[in-house]
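Letters A, B, C and D mark the chains in the order given here, with residues in each chain numbered from 1 onward.
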Amino acid sequence: MAEKKVATKKDTEPKIGVYVCHCGSNIAGTVDVPQVVEFAKGLPAVAIAREYKFMCSDPGQSMIKDDIKQLGLNRVVVASCSPLLHEPTFRHAIQEAGLNPYLFEMANIREHCSWTTEDHGEATEKAKALVSAAVKRIYLHQPLEVREVPVNPNTLIVGGGIAGIQAALEIADAGHKVYLVEKDPSIGGHMIQFDKTFPTLDCSACILTPKMTSAGSHPNIELMTYSEVEEIAGFIGSFKAKIRKKAKFVDESKCNGCGVCIEKCPWKADSEFDLGLSQRKAIYTPFPQAVPNIPVIDKESCAYFLKGKCRACEKFCEREAIDFEQQDKIVEIDVGNIIITTGYDPFDPTPIIKYGYGKFPNVVTGLEFERICNSVGPTGGKIVLKDGSEPKSIAIIHCVGSRDENYHKYCSRVCCMYALKYSHLIKEKTKADVYQMYIDMRCFGKGYEEFYQRLSDEGVTFIRGKPAEVTDRAISEEEKGKLIVVGEDSLLGTVIRVPVDMVILCIALEARADAKNVAQLFSISQGADAFFIERHPKLDPVATMTDGVFIAGCCQGPKDIPDTVAQASAAAARVLALISKGKVELEATVAVIDEEKCSGCRICNLLCPYNAIDFIEEEEVSRINDALCKGCGTCVAACPSAAITHKHFTTEEIMAEIEGVLV
Amino acid sequence: MEIATPMKETTDIILEKGGNPLELCYQCGLCTGVCPWNRLTSFTLRKLIHKSQLGVVDFEDEELWRCVGCNACVDRCPRDVEIPHIMRALRRVIIEVGAGIVPHSLRISEKNISAVGNPLGEPPEKRMDWAKDLGVKTFTKGTEILYFPCCYQTYDPPAQKTALATIDILKKAAVDFGIPDNNVVCCGESIRKAGAESLFQRLAKTNIDIFAELGVKKILVTSPHCYHTFKDEYPELGANYEVIHLSQYLADLIKDGRIKLTKELNKKVTYHDSCCLGRYQGIYDEHREILNSIPGLDFVEMPEMREYSLCCGGCAGRLWMESKKGERLSELRLEQVLEVGANTLAISCPYCMANFNDGVISMDKAGVLEVKDISELVAEAL
Amino acid sequence: MNFEPKIVGFCCNWCSYRGADLAGTARMKCSPNVRIIRVMCSGRVEPTFVVKAFELGADGVLVLGCHAGDCHYSEGNYKTMRRMPLLKKMLAQMGIEEERVRLDWVSASEGDRFVSIVDDMTAKVRALGPFKNNSKEAKHG
Amino acid sequence: MAKLKLALYWASSCGGCEIAQLQIGDKILKLAEVADIVFWPVAIDAKYKDVEAMPEKSIDVCLFNGAIRTSEQEHMAKMLREKSKVLIAYGACAYGGGIPGLGNMFNRELIFERAYLETPSTDNKEKVLPQTKCKVPEGELTLPEFYDTVKTLGQTVDIDYVIPGCPPEARTTWLALEALIEGKLPPKGTVITHNAKAVCDDCPKKRDVKKVKKFYRTFEIMPDPEICLLEQGLLCAGIATRGGCEAPCPQANMPCTGCYGPVDGVIDQGAHFLSAVASVIDSNDPDEIQRIIDGIYDPVGTFYRYSLPDSLLRRAKIK
């Protein structure tokens, strides 16, 4: 970080130059410019007041520069158009003449004055007031230093699903280092659990594993699986991250992934990857194509950790890679930018008691069904009931936990499409009848409506209406032994009972259970739906309110794979742009706390949307991290001790301006 | 084919009468599927809401009087639509605008309430006759609790037992309480749901004025309907009381040891959650605590319990209307009671009691099953 | 001469100031009574500024920010949304008419809305007459 | 060394400041060793003419308590200014207007109406109101004029120092007296306290980040004694009030009411207090915010309890 220069000393007495622009006839046509100039001359500390046809033109700017040099002006007011147009122009001009760019003030006598009235008298009076405000305000201006910090070209990506992998590859391919942190033993995320992908019906693993492998072997990507970010400090350009690498009890440098340890391990536990539908060993890789292909030992199910003996894996490992003494390791890394791609959690439908999830074994969630369909899944890809038989009919219930005030208000965006995909897979693999029970079909993506149409042609029955319950209470012979889905078919306007063998619940995508911790860790915000909030919903969809922290994929909101990949690439592009620029400018008009005055009341602490205010427990004062501060001034307005100063917008400056406009 | 044209004016009237939740409905049909009526007949709730949205409601349709406001749909509605409010609004349109016909039996009850302050048409001066010989004091300024029995519990002999048992218990627990005099009237809860808004306003005002005069702060009730309206609806008119249902009070008395349940009751009992106490107020545990603390009593649950309880079909004025054989929710519920092998059905609502007593007779189960208010069971065990 | 009120306007840099600029760019006619002070966020507007304006002779104070949810700083306008009603309650006690202080929201694209707010406020304050600050000169007796 | 000449005077005040001056306890003996009291109407009989007779600047230090409400008080303030080398505004009333300053929510007419006509205990059938002049058989009687607006001492005459508080804590009084005795006077205009930071700095309660969903009045809740009162919804002025008092009120579980006045640099104590309180309202919903604000009764009396005449607006506008 560049050296912090705080200007405190007022450099000599203010000597103000006032320049009133005609803007052709835009201003001069309504405002009596000479009168304003005369008025300005009479204001305190004004050394010179002039008028000119176009102040923003080269001659106009030269006039100012010359006066600075010849008259020794140290503050400049230009009364012309909106500062949003030409403030940068004039700041640049006075800087060229050797003045600090913040010793400049603009009076907006065009947009706010000459253009909104035709009355010359009114316009002239108002122009005078605005000029007087600018002069009074600039009298108190202090030079400020724009600080630049270099950007560390390394990037931290948190979450190794498709979003994280995509972003990592983009950045790594551009030649920059990426740390890809994943909490599970393998990267791949939810996508690698899926069987096929809609609407193209590509095999999910077939399109994802090449990317996983290349992320695993890329020279610029350091995979940190079975790891979690514990602490983040710093700011854009120079973050410091502490990462906990959980003990795998397998020495990564020795293991060659032969898998003999897994084969020999006699102990089992429910497979997380298969959502408990199958079992894995105590030493395991979550799935065969895992990247890295290095197993981990699960302490909770390993006999050696539980009972103190076994060590079968160790005996059979020829490379002596098993290390029961391994400990968690904290690794510190320095990065310039962070991309968060932590994904989503599947909604647990158990609370919707009437759908019978957890009660009826053949009521399954969508994600479970993905595993059931998958050829390396628990059933070897056969769509079967719990008793091993093939279902004759399957109901697919949409919007389970989505679009529902009781659970999640939002639409999960992918369920309609994956439900259609299931229909296809069922039709492909079985002879079962399929009932789609939907509220609305939302097929908005490229090729999605066409997919819907194709499925309609495959003999799927569509029933419009949100089912009320799934029950096993039969009221007729044909319902016996079946699951009966009861609800209104709202197009028929009657209640229907559909007896089926299997029910698939299209569960919502919800924010990760630990999203709050992640949000706090990275100083980003969550929306009412608990997903992370982007900087602007339309124009800045992957940045966050914290500079240098980007989000992509489902952690920002439910989305499908194409959107996730697009977002990930966008986030990568944003990071690459910063890396290529090499430096970032920090806001100069920030707030600072005078610790001599701060009583540590902590009123301001929560007001900062950027979490820039820290409370220093030992000193009992609050302190602003000026690299995080964006200079909004909200805390300043709240401080009951007037201990916070907003640079360039100090209370005194604004008071002076109020006095000025009220001449 | 019948052609419908949206009538904005009709929709506006429904909205004006308090039907505004209908604007939220997105027509998923979950309510229809959840509605208990559809186990017996066909009642397309969703369609009725959609017709209201379009202003094409057939106000002559008897179906408009079907909903009893059991709230099963509201509990699960994905858009939090207060469907009973829509129903109430539709009925208000019928009554206040004269858009349709009020069922005959309901009209009689409404007249009774309007004329004599109770749905049974009994003389108001005899309202408190049931307590004549009990030596119970009439509530005066300074008494701690006002015990307010519902109209049925004051006039109707089977339901009176609830009031008598309550007095018995309160006396044994040495509670400082009083009963109202003959001037109080029906709480108005059901007739309001049936659309008679101005009558409700009048009833509520009468009671509120009496309560104010007496300085009533705490009201003990044995009807969940009185409970709901005193607690949630009278505040709309500026009144605020601490309202307690007897079951809550009993659970506390037992917990605090102020009454001791010593006598064994050798009954197999199941409990029916009333909608008004259950889904409306979330009061479920107290009843189970009470029943489980009665010695000898064998308590069994029905599969449809607590928030999934099946309505008896008696609220919103439905008690006063005739339901055809085969269209009675109470009988459906009694079948569930019999399925779990209970010989006693515990309830805590006078409407449930009336409906189930009728059901026991019509199903010819008089010797097999008895319906008892929870207060009766407690009084017996004392 | 007719009374022309002086109104101090605070506009945030990102929405309302731009809205005011747009009104000018589109040459919409607008009462000249509101004089704008630019702050970065409406959240910077201290209640002290408002009372200071009255002390210095303003007849009204207008605070404009981004619409709820649109704040450039994500939540600054919500802080204003909390402060101004309490300030107004306090000022009402001090005998300052409700119409003299107004908090409203104008987006960068709402030049017309800016004009209508300014005109409306000006008319209302004009109807109220001058705010005589009876403090400074508060003569004994 | 000659003894210091000390004058003490009370204007519009309750008399608590006099008691507070005695609160310094046995230090009073030390004071007696070095100072003579030349004027102290509450304890020593004296007439205007006695003061008038004193030469200019003959009093070394004058501790002046009370706000300026009448012509007599104004006159005495001016006279004592003339006679004193150092004039100190003693206590909240002289400093910021204090409780009498809340009279600026009304004017003379309203106050007279209330005090002499409307109060239930008043028996005034002839509706007699105080007059500055009144003819009686013996001649003309005069009363000081009662002003419409209460002013602070500083708004009436030039003051040298402030000892804040309602009443000032003994330690604060002694801090100032000690400085006087030792001749180690701070720069003119100083508000003399042990702590220039806000009361929170003195307060031992545990402070966390602040979010308030509902404001309470003191009788409505029993606050947790360990935790910051504002966090519990009590309108504690400690955040906006100069410390040095050692936070006796919050320590007794009563919210600070702001008697030590603002922290240096604060232009308007009430507006700052108000802004801070409003900022921590835990809602972004306008209706809910309004409901929460509805729970704040009497904002002026809460935020400007001791400083209304010293605030930017000074007084209410009476229609």
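Annotations for the structure displayed:
In this text, a contact is a pair of C-beta atoms (placed from the backbone, for glycine too) under 8 Å apart; a residue touches a chain by one contact, two chains touch by 3 or more.
Since the structure is predicted, the reported quantities are computational estimates derived from the model, not experimental observations.
Remark: among chain pairs C-D and A-D, C-D carries the greater number of C-beta contacts.
Centrality annotation: A (chain centre taken as mean Cα position, compared with the mean over all protein Cα atoms).
The distance from the centre of chain C to the centre of chain D, with each centre set as the mean of the Cα atoms, comes to 33 Å.
Remark: chain A and chain B have CA centroids separated by 50 Å (rounded to whole angstrom). Inter-chain spacing, taken between the CA centroids of chain B and chain D, is 61 Å.
Counting partner chains per residue, chain B shows two or more touched chains at no residue at all.
Within chain C, the positions touching two or more other chains are listed as 46-48, 52, 75, 79, 83.
Across the assembly, chain D contributes residues 267, 272, 275, 279 that each touch 2 or more other chains. The touch graph of these protein chains has some other shape, matching none of line, ring, star or complete. Partner chain B is touched in their complex by these residues of chain A: 353-354, 399, 403-406, 439, 464-469, 486-490, 493-495. For chain A in complex with chain D, the residues that touch the partner chain are 596-607, 615, 620, 634, 637-643, 651, 655. Chain D meets chain A in the complex at residues 196-201, 207-211, 228, 230, 238-240, 243, 263-267, 272-273, 275-276, 279-280. The touching residues of chain B, when paired with chain A in their complex, are 26-34, 38, 42, 44, 46-47, 76-80, 308. Contact residues on chain A toward chain C in their complex (touch as defined above): 82-84, 108, 110-113, 115-119, 122-123, 125-126, 129-130, 133, 525, 533, 545, 589, 607, 609, 630-634, 636-638, 646, 649, 651, 654-655, 657-659, 661-662.
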